[in-house]
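To keep things clear, I will list the structure first and then write my remarks on it.
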Amino acid sequence: MNVRMGVDIGGLTLKNPVMTASGTFGYGEEYAGYLDLNRLGAIVVKGLSLNPREGNPPPRIIETASGMLNAVGLQNVGVKEFIDKKLPYLRTIEPAVVANIFGESVEDYVKVAQILSDAKGVDALEVNISCPNVRRGGIAFGSDPTLAGEVTKAVKGVSRLPVIVKLTPNVTDITEIARSVEAAGADALSLINTLTGMSIDIEKRVPHLEHVTGGLSGPAIKPVALRMVWETVNAVSIPVIGVGGIMNASDAIEFLIAGARAVQVGTANFINPSVAVDIIDGIERYLLDNNIDDIHDLIGTLRI
Amino acid sequence: MNVRMGVDIGGLTLKNPVMTASGTFGYGEEYAGYLDLNRLGAIVVKGLSLNPREGNPPPRIIETASGMLNAVGLQNVGVKEFIDKKLPYLRTIEPAVVANIFGESVEDYVKVAQILSDAKGVDALEVNISCPNVRRGGIAFGSDPTLAGEVTKAVKGVSRLPVIVKLTPNVTDITEIARSVEAAGADALSLINTLTGMSIDIEKRVPHLEHVTGGLSGPAIKPVALRMVWETVNAVSIPVIGVGGIMNASDAIEFLIAGARAVQVGTANFINPSVAVDIIDGIERYLLDNNIDDIHDLIGTLRI
Amino acid sequence: MKPGTFATVFSQRETVKGHFLMTVKAPASFREAIPGQFIMVRLEGSTPPFLSRPFSIYSIYSQGNDTFVEIFYKVVGKGTLAFSRLQEGDALNILGPLGRGFDIPPSCKKIVLIAGGIGVAPLSFLAQHCGEDTRGTEIICYLGAGSLETVAGLDRLEKICSAVEISTDDGSRGYHGPVTGLFKRDMGLYPEDTTWIYSCGPRPMLRGLQKLLKDQPCVCQVSLEERMACGIGACLGCVVSLRPDGAEGSLVRVCKEGPVFDIRDVEFGE
Amino acid sequence: MKPGTFATVFSQRETVKGHFLMTVKAPASFREAIPGQFIMVRLEGSTPPFLSRPFSIYSIYSQGNDTFVEIFYKVVGKGTLAFSRLQEGDALNILGPLGRGFDIPPSCKKIVLIAGGIGVAPLSFLAQHCGEDTRGTEIICYLGAGSLETVAGLDRLEKICSAVEISTDDGSRGYHGPVTGLFKRDMGLYPEDTTWIYSCGPRPMLRGLQKLLKDQPCVCQVSLEERMACGIGACLGCVVSLRPDGAEGSLVRVCKEGPVFDIRDVEFGE
């Protein structure tokens, strides 16, 4: 095929705009048997913290109408084991490797960012700011413009890598957070993370999730994600990556038309492990059908 | 059946906890041929403003995964015609009549509240504070605790009726708004209104809705609604009415277990016009099956 | 009462490419349906479609105690795709008959039907109805399609109408061009005072017809389509703009005030 | 590669009340499946279920170039209800075979299967496998059910096992009480060193079995169930807590490290 699919996300060069979303694609290798990993634009790995974390007790997931709630609780192997055990494999494949990071304090974020910036094979950082700041009474970094700016600035200060900041949708005005993060030096934004939700077992009268609440993902949230991406694209000048409920090429194209420079596929990977490749193929087909030879001529072409 | 289903919502007495949500049940009479209206706990009518409003140009609705977006834009006959043409019919049937009201300034709200408080047959007011305040640069009343409190206080000041304040979910912390509204004198809260969303026609590259964004409703949003109801129940002491994605008795029971004193059925009415009665029957059956003889012994029984 | 009704698929087949004729076994209340009225259809317990989908009644007939409703539809998206996979015996939920149907003038001499694509569905029901009721009325049908493989509803119309004229966008059958072009050719043949025109089809076609009829004061009723949620006048989702006689525009509900309107009142936009 | 695979329903029938046996025509890659492994199943283009649902492989066989996978399941919710309505020829999407199956000891003399309800599915596959491979092994099965109408999977087991003992909660057939009670009665008959026990069933039953075996050091493997999203180790949704030999607890993925575990390692909670 003869269409140009490459995009640049604040210094991160991708051969196509399709990435896999953090927490939904393991460390990449889990999917090796199910699709040609080398087709992907980028792989965003499961969120990494300084030390390994066990996450929340089960049950951790429950299906909802066109979606799912998860309370995995950021279980991960920790940044050291990631570098020793997971990164070597990721270095052998083509897609850009984006390390998603989180912490409970600005210092946590900084340390993880430092360690990963020195590791060969990490191409960008994605900073998940949906986590509660334990020092400041548990307010999520991502729901306060000042905190969001602070953590962005601190990470930028110690990393030579492109820094993508991942925004939470559980806020009144996402553009306020986006502008603050942009001002603090972020190279790009990704949105949305999950919406906080809940589900109850009416026979036992207990929450379906041991953690009570969880993050809602899947096609149910796509309209909210698309609206927030569109608002954010109109509010900042750094690139925006669209995430939320993308199940097929048509969904991905909606985000691109709204102005997203790239997309991330999350929950859909669970339902069809080769969906990311289907989406890449579908976008290419759409470009061909519409006589568009460069993806940039599609991005942000929404007519209002 | 021998279970007690009656509830009291801040002075509004209902024979059962099932209401129909504003904007999804017209002025009641539209559904007269499809279910026995006299079975309902209450009917909340389409949002009323001082003057009639045409609403937004079409297309106004689009289906999404397990939900729909609407940008009806608060089209309504205005409070005068409501009293002259719609209320007389509502007076002939048993359910409590809740008048949903909105305005673009505090004065608007006050005037509508005054007129309706004097009208025979209106049993309570539901104040929709999701609307933009045109005087204050278009910030929605409902996304600012101070504005939300102001409008609540003003409406309470002129009305002898129970005042239910309907909260928007498009906020960082719904409990902050809820507490402010409670402090301002609200008799009850209802939540949630729609989440703001968007959808794009990828062939024409235009938004599906002429208004660009719209309100997301239906089962897609139920997990978010349930979480917010649970958070709010734990934050205030006035009664909370649960709304959002309730499609059947099981969904309604989830909200009651989470602590909602009553529920509103919205989008489900479109799909099955007699669903509200099915839900009442289903709740009764559940109570019988579980040897609960008063609905209050179900409300708020979630075990964490 | 016309509550939502469980119904079952009695038969279904693809008539022309992508067009399905489904017969649904329905309650007796459906017998009263008037041409131009519609039903809302959904599956029970499975999505998509999430919302019910509106379809014109293509025909109704009774056999013993059973009433059968036919719908004739084109697969254009998720909902119609899901319906097209239904087989005999599968459950459906239908609501109706809904809306205001066509006015049928007992006195008129000539009835002209102008159908664009699947817009043929309500017009065919009308033709059937008029063919039965008012013998002696001449019914002429103009049928537009994309190409010869998708000329829909022809068989039935040929049995009822005095003439069926066909147009295709690609000229592969009949007149080459829009069905409005074909009708324009013959317009002079129809006396204003004794001709009633009925039309249904895509919006650009109806807009074209409206222009054509600007100086032709004969009656023309159109059946409009708009996205619907409730079908019964409650959601205000299905409005269109009317501007009768240059009066101030107003929004009306296709499901309640329509789907049939006087073509002169409709504001079709750009 | 074992990408998600289109498969078709070859046959389906209700065996005992609410229990369905579905045969799916699958790609040849499924031939390699080991007892205890599972597949993820979903519908194509329709929900519910939104997520795929895990089912143990009940049996696999080939005919010519075709491989057939059997699943045996109980309708408990939306997903299984939707599956139960599928008919011959309907499309499915399946992923597998997945997970780590049972260890099969070539030397053991006695195999004891303890099944609670639909937990019989993976055990029946195991019995079939052992019955074929290691002639001379004695297989005894304890089968628990709610009441006599829901004793599931009996026919097939009776053909393979030396004995099938039945228990029902209401005493309407066989032993009156939990299947663990029935097994307890016979426990003394099984020598520790030559008996392997395999079990699958509801959590309270497995917890009971774990207690029963505290002082009985014979091998016992269980197949666990947990809600799953991906089935391939990526979502971390399906974890259970293991606490082998009093060591510090750790969370493992049922889909990847399991679904088969040593019963002594599992922390069943309250």
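Letters are used for the chains, namely A, B, C and D, taken in the order the chains are written, and counting of residues starts over at 1 for each.
By definition in this document, a residue touches a chain if its C-beta (ideal position, glycine included) is under 8 Å from a C-beta of that chain, and two chains touch if they have at least 3 such contacts.
This is a predicted model, so every value here is computed, not measured.
Graph distance from chain B to chain D, where chains that touch are one step apart, equals 2.
With contact taken as defined at the outset, chain A and chain C are each touched by B, D.
Seen from the Cα centre of chain B, the chain whose own Cα centre is farthest off is D.
Centroid to centroid, with C-alpha atoms defining each point, chain B and chain C lie 36 Å apart.
With centres defined as mean CA coordinates, chain B is found 34 Å away from chain A.
Mean C-alpha positions place chain C and chain D at a centre distance of 54 Å. Residue positions of chain D touching 2 or more other chains: 47-48. In chain A, the residues that touch at least two other chains are 64-67, 218.
With chains as nodes and touching pairs as edges, the resulting graph is a single ring in which every chain has exactly two contacts.
Of all possible chain pairs, the ones that touch are A-B, A-D, B-C, C-D. For chain B in complex with chain A, the touching residues are 64-67, 69, 143, 170-173, 195-200, 202, 204-207, 212-213, 216, 218-224, 226-227, 230, 245, 250, 253-254, 257-258, 286, 301-304.
On the side of chain A, the complex with chain D involves touching residues 23-26, 30-31, 33-35, 46, 54-55, 57-68, 70, 72, 75, 218, 267, 269-274. The touching residues of chain C, counted against chain D in their complex, run 45-48, 78, 81-82. Every residue of chain C that touches chain B in the complex is listed here, in rising order: 1-4, 42, 47-52, 93, 95, 226-230, 232-241, 250-251.
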